[in-house]
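Take this structure first; my questions come after.
Per-chain numbering from 1; labels A, B, C, D and E assigned in written order.
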Amino acid sequence: MLIQILNGLVYGGMLYIVSVGLVLIFGLRRVVNFAHGGLYMLGAYIGFAAGLYFGFWGGLVVALVLMALLGVLLDYGVFRPLQDKDHMTTVLVTFGILLVMEDMVHMIWGADTISVAMPALFDGTVDISGSPFPIYRLLVIAVAIVVVLGLTLWLRHSRAGLYVRASSVDALTTGMQGVDTERLSLAVVGLGTALAGLSGVIASPLMALSPAMGSSVLIESFIVVVIGGLGSFSGAFFAALVIGQVHNLGIVYLPNVSSMLPLLLMVVVLILKPSGFARSH
Amino acid sequence: DPIKIGVATALTGAYGDLGNEVRRAVEFAVEEVNAKGGIDGRLVETQFLDTQAKADISRQQAEKLVNDGYTLLTGAIASGEALAIAPMLERWDAVYIGTIPKADALTGAECSPRYFRANVPDSADAATVGTWLKDQPEKKWAIMGSDTAWGRNSGASFVGTSKGLEREVVTEGYAGLGTSDFAPYIQKIADSGAEGVWVALAGRDAINFAQQAKQFGLLDKVKVAGVSFVTDSTVKSLGDVSKGIFGIVNYSSTLDTPENKAFVAAWNKKYPGTWPANFEADTYVGMQMLFAAIDKADSAEPEAVAEALSGLTVDSIVGEVTVRPEDHQLVRGNFFGRIAEHDGVLRPVISATIDAAVAMPAANRDCQL
Amino acid sequence: MTLLELEKVQSSYGSVRVLHDVSLRVAKGERVALVGRNGVGKTTVVNTLIGAARLNAGRVAFAGKSQSPIRPYHAARSGISIVPQGRRIVPGLTVRENLLLGSAPDRPGPWNLESIFGMYPILRERADGLGTAMSGGQQQMLAIGRALMANPDLLILDEPSEGLAPVVVDELGASLVRLAERGTAILLIEQNFGLIRSVGDRYYVMSKGSVVEQGRLAELSAEDLKRHVSV
Amino acid sequence: MADGYMLEARGLTRRYAGFTALNNVSFALREGEIRGLIGSNGAGKSTCMDVLTGRGKNPIGTVRLGGEDISKLSQRERRAKGLSRSFQKTSIFPDLTIREQVRLAARNAELDNSEEVISELALSSIADRLASDVSYGDQRRVDLALALVGRPKLLLLDEPAAGLTVEESLSMARMLRDLSERWKLTVMLVEHDMEVIFAICDRLTVLHLGEVLTEGDPESVRSNPEVIRAYLGSSFA
Amino acid sequence: MSSISSPSVRGAQAAPGQGIGLYLAIGCLVAVLGFALPFVGLPKNLLALLTSASISAILATAVGFLVRQAGLSSFGHAAFYGGAAYAIALLVKYTSLPAEVVVLAAPLLIVGLGVVVSLILLRTNGIAFSMLSLAMAQAVYELVMKWRDLANGEDGLRIRFAREIFGLKLSFFQKADTMFLVTWAVLVVVIAILVLVSRSNFGTLTIAIKNNEERARFLGYRTLWPRVVILALSALIAALGGTLFALYNGYVTPSLLHWTLSGEALIIAIIGGTRSVWAPAVGAFVFVILRDVAGNYTTHWQSIVGLVLIAVVLTLPNGIGGALTAFTNRFGGRQNG
């Protein structure tokens, strides 16, 4: 039981790191970024490819840097020119980017599933209430906690965080106060994609890489973002935790309907509270 | 004029790797036969279209191929694709050689006079389990299946088989296609006290499960065996993790027959450093069937080819095999094996051969051709 | 020193040209009123300064520096704060956060949270409530407070009296005058005669997207002012 | 309407999370009367209109329109009974032309005087433009037109003159006076422009901190020292 | 939907009642020309493609109409489309109703269920609506996947129609050269009806509700029912598309119910443009043909579709339909707006 709850935490933690990047980008650009799943996948592949030369941790660093750069490019080349257009337009462009990205990965690394070895430092298990539990999974939980704390501190208590929150609801007014919202959004979108990359790399020793891995994580992270209350960081955190538990305990206790549980949870939350867990920020 | 073979297969999407195996095998077979001057002096020509393994797209692409004169078809990955195409074959005046889809219905209730199956169906895999299980000391088994018709059926037949052999199935889990985190299933199996796990997962799901089971230490504690699990792509993705896993093996490149040895050698030449994988070999068998039938019919007209295929006997890489006229299933044997080193390389190695007479259940009476 | 200068400015929303010929300037410490009836383009002048309307031709300079293209933050960084029409309180932020948003750490001066709270005590009472949950007039106070937080050299107000109680308008007038006396220049876009009179010194009149007249308010009779605003 | 009141409001109250924005406010308007509702910012004027029209959660208090209790009715039903309002924050339909939306607003009324209202509010020249494309002041008038069309029995106007020029506010005030006489409109007007208030209101109700500070004819309110201190300021004294 | 909001519906379109002559003429011409296509000796494959494209066009029209009139981006229309197709398959399999009854009843049945569900869906707006519709549709998908005894899971179901439907041979509906006439006729009728609806008073009201629901309520309108009617209409059209699909293909699989199908329909609608009722259909023809052509030449059709999607979206802000309208207006010498 304890282990199953831990597993739920791992799952929720992974989901949170993917989703929070989505939230950041949604917050700042009001764009439901369909390419996000693709970024997660790309991050995993880059981490894998660079890992062949620099080892797992080196690969992680390379992936974070490249993904952040890619995010900056995405913001500069796509979101900024499209900022005055209808949001749906941008959503579609991100969908187009997803298609291109999947195809590129397919072209470079092939369609075969690739598995990534555990970093040696965390290979192995610890004993938790009599059962072995992979140390690496504990690391995933720790990373998620660090991301939560870091982001919360940054957003709630720093001036930049205030700017991000303000800019995410009204960029023009924020800009009028002397904030260079464009540079801000370069940074934030870069951070968001880097987080997508981070989650991809972190996930890679757990789950095999394939070009399709992005699409499957996309829907679940959308669910997290929506249940959390669009654009809400703390909401996404709670939503990811809840979904993680619901997902895992569902598999254990309600195996026949487990795949529907997150969907049903979303339906119930949205019907009771159309704006999601948190008041929408 | 050339003989036209149309291949509508999953070149992209979740099953892209399988589609590419099909593609390699067809290209190999065609190149080989053309190098010999074709069939009865006619060269073979192919066209590939992408289906993403989606039934509706598959049907459209197949129709397109037929309209362009490619009336000899193959390439379906998912059973749904073949099931969607089979009923149209007569109207299109085409012939289909199935090499991957395993659903029993294709040679059962949904059988078609124009659909021929070269690979081993689900029921034959199920019939193979018992011969292996009876020799295993483990009494308590867990089932880890994919939540699809195939996975559920494999699970059910394992349960059936184990009852007869006084084995107990202590827990069953079925994960949806594309499941990335198997931790809850693995923990459930660990908590159940099972001594062995029967795995009916395929592709990426199988790999994710095996990798995570290893990380939880499950692979070291219990015996792992499965269907469609011991494949070359599993080995390729998992490396050492896969070592020692048991399973039903429809084909192994280590198969010790002269035909297969020649095939493997030729394959090695065209694709250096690789061995034909099971789906590649099955597709190659299908092509052998097709070429033999064209040769026999002296025609590439679908009607004539279909007639020739029914009851055809071929000297294939899996031995001398016959297409059963009752349901158009290729009657062939099956194997049990495990992943082990062979010639210094990890790959599925055959440990037991099950004769066609045992392995292939009788033709399904639901099939009315 | 000229804080704001527009020279033969033409600007547009998409393909709709709104400003045809706007020239005006505000120097340090000046108090300038911009008047004209509804829809002549007063707000568009402000929107041009923050890049929300596109500058097609002409010159815009902040603190002597020409700006092109204009980004929303340029004005603020040149010491120009704006109280926009419609207030534009940022939803989701508290009153305090809305005020902090306006502050510019590199521009010290008399205005800070305390002094704004001193001027509008209701803002202190509601400091931790959402800015948008206040009444219309309270939000107007917040918008003015936010603009002051940056200790601007030039304060542009677009119809600030809208929705304010007469007492509050009076107080606003008085505080703008005090502000001007301390050296902050003011560009006031207004319909309220009383406020124009009490705050303004020079004036510009706009009509159909162009500045058509200018002069000193003191030399303008009440009837003439009324005529300009209502032409 | 035995007692001759068009609108009777009793005990209107609204609380927001522990804070009372409107506290037990009562008043009554005669048919054809123009009532000014004034008070400092945050006094509760807009809230009062919300409660009268059933906007927001559980409005407290009784509202009688023409003698009939409408407190339990939805916003839609209140409009059908002849209660109409405009909004302090412009609330119109950006994707419809001005003419389309005024017509739409008239469709539920007994009579369609949309063209009349459009020309009365000087919207004729821009009537076929999308509402999103006209200036703020024009949008304010569209908001007013939506409330005015169809000759409601009771019209609640929340700062209709805000954003209008002085000239326009006064002409709008004259028009209101005129229409209320011609159409027998009863009007309740929230406005900070005292020129408009004093030009057309028959009576004034002054709110302060969510309660009625005083009520009376314009002259007496204007000279009430409490009102001067809390709201009007010295310039009106 | 704060993020996926609909574009302004008008702008390039004529105001109601004015200058529709030219559009009417062009519309009629295109409709009539369409019926001539099977008789001018087009290659079979092209006709098959056009038949699939008209079915996609019907679905895209349904989705686009919902965006245009109600500002709702549905990620759940696959449930109506695939739902109708599955309803046919199941009714044929488990009942002995005549095929005619099945084909007519299935879409109505699905819409009936859809309306009930929509009463829940329509409590929300914007992204919440999109996600709810997605969730509901995915739940149907999961149900069909899981309940294997009913619908055979991911392998899908073959529909064994009777030999004759509506007095026509089954092959009439399953061969492109004849089926195209049917799908085209349905598409033309659907668009004609929707144009009338959008130009009616009811159409204006729904746009008002989309813009500003509260004000519409204050103007004395019920705001739920008009939205329900629009959603039901849109659902019915999607279900019609699914019905045609089932007739044409004789086979259903769960991918007909998957959210990606809804998403694709939405993409097609936006590529076409949601300012006009007919534009999503144009988008469907362009998209389906493009994808097919790309697929013939390369396995990188995904990249090609992606890049074209980006290019169209960037260069034609109001979609292909918007560009066509602008062109027609210039050509017809009319001013915008």
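Worth a mention:
Just so it is clear, a residue touches a chain if its C-beta (ideal position, glycine included) is under 8 Å from a C-beta of that chain, and two chains touch if they have at least 3 such contacts.
This one's a predicted model, so the numbers in the text were calculated from it and none came from an experiment.
Minimum number of contact steps separating chain A from chain B: 1.
Fewest steps needed to get from chain D to chain E, stepping only to touching chains, is 1. Taken together, chain A and chain C share no touching chain. At the far end from chain E, in terms of centres built from Cα atoms, lies C. When every chain is reduced to the mean of its CA atoms, the largest separation from chain D belongs to B.
Chain B and chain E, compared by their mean Cα positions, are separated by 38 Å. Chain A and chain E, compared by their mean Cα positions, are separated by 32 Å. Per-chain CA centroids place chain B at a distance of 77 Å from chain D.
The geometric centre of chain A is 49 Å away from that of chain D, both derived from CA atoms.
Contact with two or more other chains is made by residues 12, 147, 176 of chain B. With touch defined as above, chain C holds no residue shared between interfaces to two or more other chains. Residue positions 146, 302 of chain E each touch two or more of the other chains. The complete set of chain-chain contacts reads A-B, A-C, A-E, B-E, C-D, D-E.
Residue ranges of chain A in contact with chain B, taken from their complex: 3-4, 7-8, 10-11, 14, 103, 106, 110-115, 118, 125, 131-134, 136-137, 203, 206-208, 210-213, 216-217, 247-249, 251-252, 255, 259.
Within the complex formed with chain A, the residues of chain E that make contact are 1-7, 73, 120, 123-125, 127-128, 131-132, 134-136, 138-139, 142-143, 146, 259-260, 263, 267, 270-271, 300, 302-303, 305-307, 309-310, 313-314, 317. Across the interface of their complex, chain C is touched by residues 159, 162-163, 165-166, 169-182, 279-281 of chain A.
Within the complex formed with chain D, the residues of chain C that make contact are 16, 37-39, 43, 85-86, 122, 133-138, 140-141, 159, 161-171, 191-194, 226, 229-230. Partner chain C is touched in their complex by these residues of chain D: 16, 38-43, 46, 88-89, 133-138, 159, 162-169, 192, 194, 230-236.
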